[in-house]
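Two complexes come next, and they have one chain in common, chain A, joined by chain B in the first and chain C in the second.
Coming up: the complex of A and B.
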């Protein structure tokens, strides 16, 4: 038995509890900080009694039901679309090298912050955007941009497109990560082969054999996507309608309104938002049960083919359109960032200039430093906490309780707009004046789940015999951890670090709210500039937003190789 | 007091006022100087968090220049907190007040006017009676220009110091439309011939509200215009607002996106002009237009002009919250903002082009010379254009117009769109 009284073991033992507290307290505290004003208790305005005034005001708001419907509709349809296309791509290219090619093409989108993706897509579909320029005037006859309602259409179609394009690579990556698990992947591939040899069409084989086993690994990511889509503000701000906007955007505006009594309504709205997200998650769960029930008989009915060829053709076309959208959006963004005069309908600018980069680089250095400082601090803390929690799990030889795993993913599932305002209030109560610290702390809440998600499987999969061998040779738990486990895990740790950085870089609402608007990052500036006057400057910021996480991942890929190289030499 | 026994009360009142006034004339100026010296001593070597809208790179660059200057003069670190909406700073100060933070506020200086000022003043969130103490405030010649102490008709009571003034300027794309509209009525006709080529930002955006106010003033008969300069009442609204809604009902179907979608921020207008989606737009800072052409954001065919039936004009200010951590330093910054050097720099078309609030008659010839500039960019506003200046209506009208506009055109939009789709 490991005899443990040293500092390391103590620290490790207490980390899971600390991590729980770190996640539960702000999230629940923040929820309370929103619930109280929602029911009329807001000492700042000398309102100390409880009432339903906020909810009444909310229901009386013109277009309130449309806001709720818009949020629900766009969240459900984009999640469903992203999920279906992910499954189709998996099914269609399950045994093809194309699966990894598509993954490589779409993968980079994963690290693109939502705001930047939304900016890129708005440049693509806007009436003077890349699509319209490519087809004008030779096909469309347009000499000046058409007056169509994209982006910002009342139905939220641009928004759905944005969310789908952005979330699809995430789901695909999650599915491939599950398939990369040696036992599961091998088992499913073998079963798929058997199904093929039994004469099943490859598509059918995937749906009947692979999907039922794969779906449990996709459930949490899908729910996270759904929760995010229902309550995010960046994409609706940039692509969504504004009369009325989605509920989350409306709440944000009410919180920031000059009319301070609107805060009660905003808090009531946040409560409704929370209920809405929970309802949507429940709806997905129901949908899942229903699909299971309906498909139960068809899975074992022995039918070999359901128009598989047509579905495959459809998938090829969809995938092609998807990838073209991505390539065109990025190309458009790059062109704008270097464009001189560029009158519609030319497909290329009249001249290319570096001026926009020069101007932007002069202005962005403070926000760049903030972005890096916040990202590295939050991610570093998150990685340490995650590693210690996972180590505690191994020392105790039992996995985290279901409750604990749920808590870790809490900030992913609870809409941030529902607790961040409360968290700001809480931080005010604690007189936490340090804006940068507040922002780092709030980023930590969002970085931890992703770092944990990314590290947990590699850590748990690590062969215990290495640790046992080292311990039997007399190594303390601390030196086993630092000198055996960490060096073996250097690659996944680097990837988790890069993922944490990417998540932190992309945070908009926590930076804005918890920093009191005092801390500018590349992302807050990019969102501000997206509604600004200059497409060119906006492109530069959006590209910067993409470059930063890309650099982080490049480093995460390169660093372990360099270390290895160095070790071999030494 | 002995006198009070035989002097009527009102006379006593006048009597006291005169004595006070005489006293004030005698010792206030010298008192000011020493007071100011103490402000300078206290305010040096500190940070100032300046919360100001940050959506325009030109203005941001000017604020960077201000920061360099106050760093040199007073070793003040002026930190520009870039807001997307000034109301963010208002809610911040309120949040601090609610948390009992009465002395260590995070906001030291706010760029503000209009409804945001009215809200902060009403909730007692601003420090009062400091603006007139600034030595450079005298350069605005407040006795002759009462406008520098009125914010949209509301007396500022020394809660804010004037920074600049602006007038509504229109600009159009000469390639897309040969002849722009010069009056509000012409705009309606023009919009029929140029469908989808004009829009205005939805309230509460500043430019959007300003356009509505310009339309309201232009549409209100001369005999009723006094109503706009008093607090808005329901009766007055019933008299003047129907003209506005009638006009907008006619105009909206011809607007960009058929009036179903309005941009939220005025900055989007310039982007849409750059995309050539719009052929006509407006701005409060005329100098942004030639500057944007130089930065390739607008095509070279853009021309600026002033409407012949009047230009809405207003002054914008800086204010200090009641709980600012560095109020003395903020005063130093506000005072420097009013210096001839800073105001002249700000008025240069290639810097910001924001009109000065100083009365040039109070300045020395050398200082006046700072303001001379040659303005030759083809896209800039011709200085020769003279159109009547329209004063801002009483601020209570803004809330009323906003609220009614949103009721009529805000939330309804989606419904209308749906109906049209169904049909």
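Coming up: the complex of A and C.
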């Protein structure tokens, strides 16, 4: 293909490299920035020699092994639970319209920030929460809230519940997206039918025929979920135990401590966190191999039914409980946000007031502006980079290398707590004092993978003949891009933009760390408020966190329709 | 007792309009051919026979297999084998695994001997451990046939089973399939576009939507 030599073509051609650098340098730089202090090298504190002091301090920390175990246990069990329930739902409703209804019911959880979801769940299970109110006093006999230690229970059960509820819709969506691929979905459904005609009960047919061929499409999402669950901080902060907390939360506390020497310990902790995540990923991989090995003979042993009816009934009940949990926690959140006086066992407040909203809206003025400013800047940059990278791919007529696609998803797989501190240090070295800029830059790292993931397939599916046709009519590459491709892709671009905004709105750690604690967003405020203060104010913030991405997606859905409407009128 | 598949006074509607009207019985070893243009309801009929009729259709009439009413039996309990135009071998299992999957439970040794014998009969000896994707189209079609037969079905449905094979292979495979069906004395229903399939089946032929087809 003959390349045109105009400015646009040059710009586009260099974008992929620039994007790679933009992602690799901060992540790798951040990792180095954690590794050096972990081994005692901190020039700022005049420590220029290497030592194991940080790791020693870590091991001497009371409850250190408990922290590691808690992180590992909660990550593994929540991922396993979310995965098993996803598979059960798929198996049970494989040929039923209910599969898509369940997805539609659970789907909105996807864009709810982790912090908001955690707050909603904490209000569900807390002693005076929706569950105990619904069953009191008629069943439990409680006239005052029971004395149980939820949500911050020592076993991390609340935290596991929160992680499971949040990750399940993601896995389900990924599975349905794989099944929606025309060739794969049709083939798997036909093979399922064959298994039925061979006398297999629907559940067994799913497990023996569909799952082995569907799992490869779920592997990466599951690993991403596992990595995230092992290292995230919002959910353990709001739902997890306090003494000791998970490793990631402890690291964050050490890093934010006024005592700068704790940074060595924190960095050593970040290294351990990285190792922990890698170990968990390896453990999952091993578990997968083992399951495959063990099930190999039973797949072909000819057994047609393994208590399918019971498993189906169990799945119906589990799905019902899941959906009720979601509905109840959202309802609880809304009720608290408008509640006046609300006595314990009654399930509804005695009066509804707007006061909490009025107060909160005045308070959240600055953080709202920050949230929007950071979100729009990061997403705008991410969308431009993604579009140019995809355009470069089409100009070169070959898709991105495996290495490049891996780099794009790097920030999704590497625990952010393991490189963000290094990035902060790096930004300090570069004397980048502008907190807002630093935050936007760090958000960009997390927004890019999602924007790319959401735009890539539609961009690649665009019929190349349109571009060829436009070129033959004399359009330059730039005008083909701006005036033919982008208008045709307006809907997916709007969706990608909304997704980018939702991801940026939900970021907690990068905002806190890279902003040096000076930049408040709705999310950072919501997390701070969750640990105390008023349940009513907290609800307003959590709802605000949900409203913002919902609004973004509503606009993304509406805007292309409006544009079309006016175009055809003119 | 010889086997018999009987469709009794079947009418299938899509929303309110009747699509199919059939009353026929097929004794074991005989192949009923269903022909008709696309949209005439061939696959709808197959879906009804397998118990997988989509919701927008509804049916009246009954299906009897060896005097047993299976109209309301779920798909997996009907013992009606299916052969599609694509072999649809399971990609995660070997050739032998695909056949073993279909066979009833039993002693491992006995099962694997049966598989080897069956493969030999259709000229595929020694291919037990092969990945099905590495076989030729004709070989895949034969494995798919063995898979259905060794599941010991009481009747068999053929959904344009030879339409993806070229003419020489088509002839051979068709011969093999029909011979096996006659040998096992299975009642069979074949849906096809191709008159030569119908001629080779040498049985009853039902033309769906015949009037409209002749107009077209």
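The rule is simple: the second predicted complex is superposed on the first by the 556 of 570 C-alpha atoms of A that agree within 3 Å, B and C clash if a C-alpha of one lies under 4 Å from a C-alpha of the other, contacts with A are read in each partner's own complex, and residues count from 1 in each chain.
The rule is short, and it goes like this: a contact is a pair of C-beta atoms (placed from the backbone, for glycine too) under 8 Å apart; a residue touches a chain by one contact, two chains touch by 3 or more.
Nothing here was measured: the structure is a model prediction, and the numbers come from that model.
Peer 1: State whether chain B and chain C clash or fit side by side on chain A once the two structures are superposed.
Peer 2: These partners fit in the superposed model.
Peer 1: Is A:405 touching anything from chain B or chain C once the two structures are fitted on A? First, second, both or neither.
Peer 2: Once the two structures are laid over each other on A, A:405 reaches no partner at all.
Peer 1: Would you sort A:346 into first (chain B), second (chain C), both or neither based on which partner it touches?
Peer 2: Touch partners of A:346: none, neither chain B nor chain C.
Peer 1: State whether A:298 touches chain B only (first), chain C only (second), both chains, or neither.
Peer 2: Once the two structures are laid over each other on A, A:298 reaches no partner at all.
Peer 1: Quick test of understanding: once the structures are aligned on A, what is the angle at the Cα centre of chain A formed with chain B and chain C, as a multiple of 10 degrees?
Peer 2: Result: 160 degrees at the vertex chain A.
Peer 1: Answer with first, second, both or neither: which of chain B and chain C does A:256 touch in the superposed model?
Peer 2: Once the two structures are laid over each other on A, A:256 reaches chain B alone.
Peer 1: Looking at A:359 after the superposition, I want to know if it touches chain B, chain C, both of them or none. Which is it: first, second, both, neither?
Peer 2: Touch status of A:359: first partner only.
Peer 1: According to the stated criteria, A:479 is in contact with first (chain B), second (chain C), both, or neither; which is it?
Peer 2: After superposition on chain A, A:479 lies in contact with neither partner.
Peer 1: Which holds for A:63: it touches chain B only (first), chain C only (second), both, or neither?
Peer 2: A:63: touches chain B, not chain C.
Peer 1: Which of the two partners, first being chain B and second being chain C, lies in contact with A:199: first, second, both, or neither?
Peer 2: A:199: touches chain C, not chain B.
Peer 1: Looking at chain A, does chain C or chain B touch more of its residues?
Peer 2: Answer, by number of touched residues of chain A: B.
Peer 1: Look at the superposition and give the distance in whole angstrom between the closest pair of CA atoms, one from chain B and one from chain C.
Peer 2: Comparing every C-alpha of chain B with every C-alpha of chain C, the smallest gap is 44 Å.
Peer 1: Considering only the defined contacts, which chain C positions touch chain A in the complex?
Peer 2: Touch list, chain C to chain A: 50, 52, 55, 75-82, 84, 86, 88, 90-93, 96-97, 100-106, 111, 147-148, 151, 153, 157.
Peer 1: What does chain B use to touch chain A in their complex?
Peer 2: Touch residues, chain B against chain A: 49, 51, 54-57, 60-61, 81-85, 87-92, 94-99, 101, 104, 106, 115-116, 119, 123, 176, 195-196, 202, 204, 256-258, 260-265, 267-271, 274-277, 288, 292, 295-297, 299-300, 406-407, 409-415, 417-418.
Peer 1: Residue numbers of chain A touching chain B in their complex, please.
Peer 2: 42-45, 61-63, 66, 126-128, 144-145, 147, 149, 152-154, 241-244, 255-260, 263, 339-344, 353, 355-356, 359, 363, 424-425, 428-429, 431, 433, 435, 516-518, 520, 525, 527-529, 531-537
Peer 1: Looking at the complex, which residues from chain A come into contact with chain C?
Peer 2: 95, 97, 187, 190-191, 193-202, 205, 208-209, 212-213, 299-304
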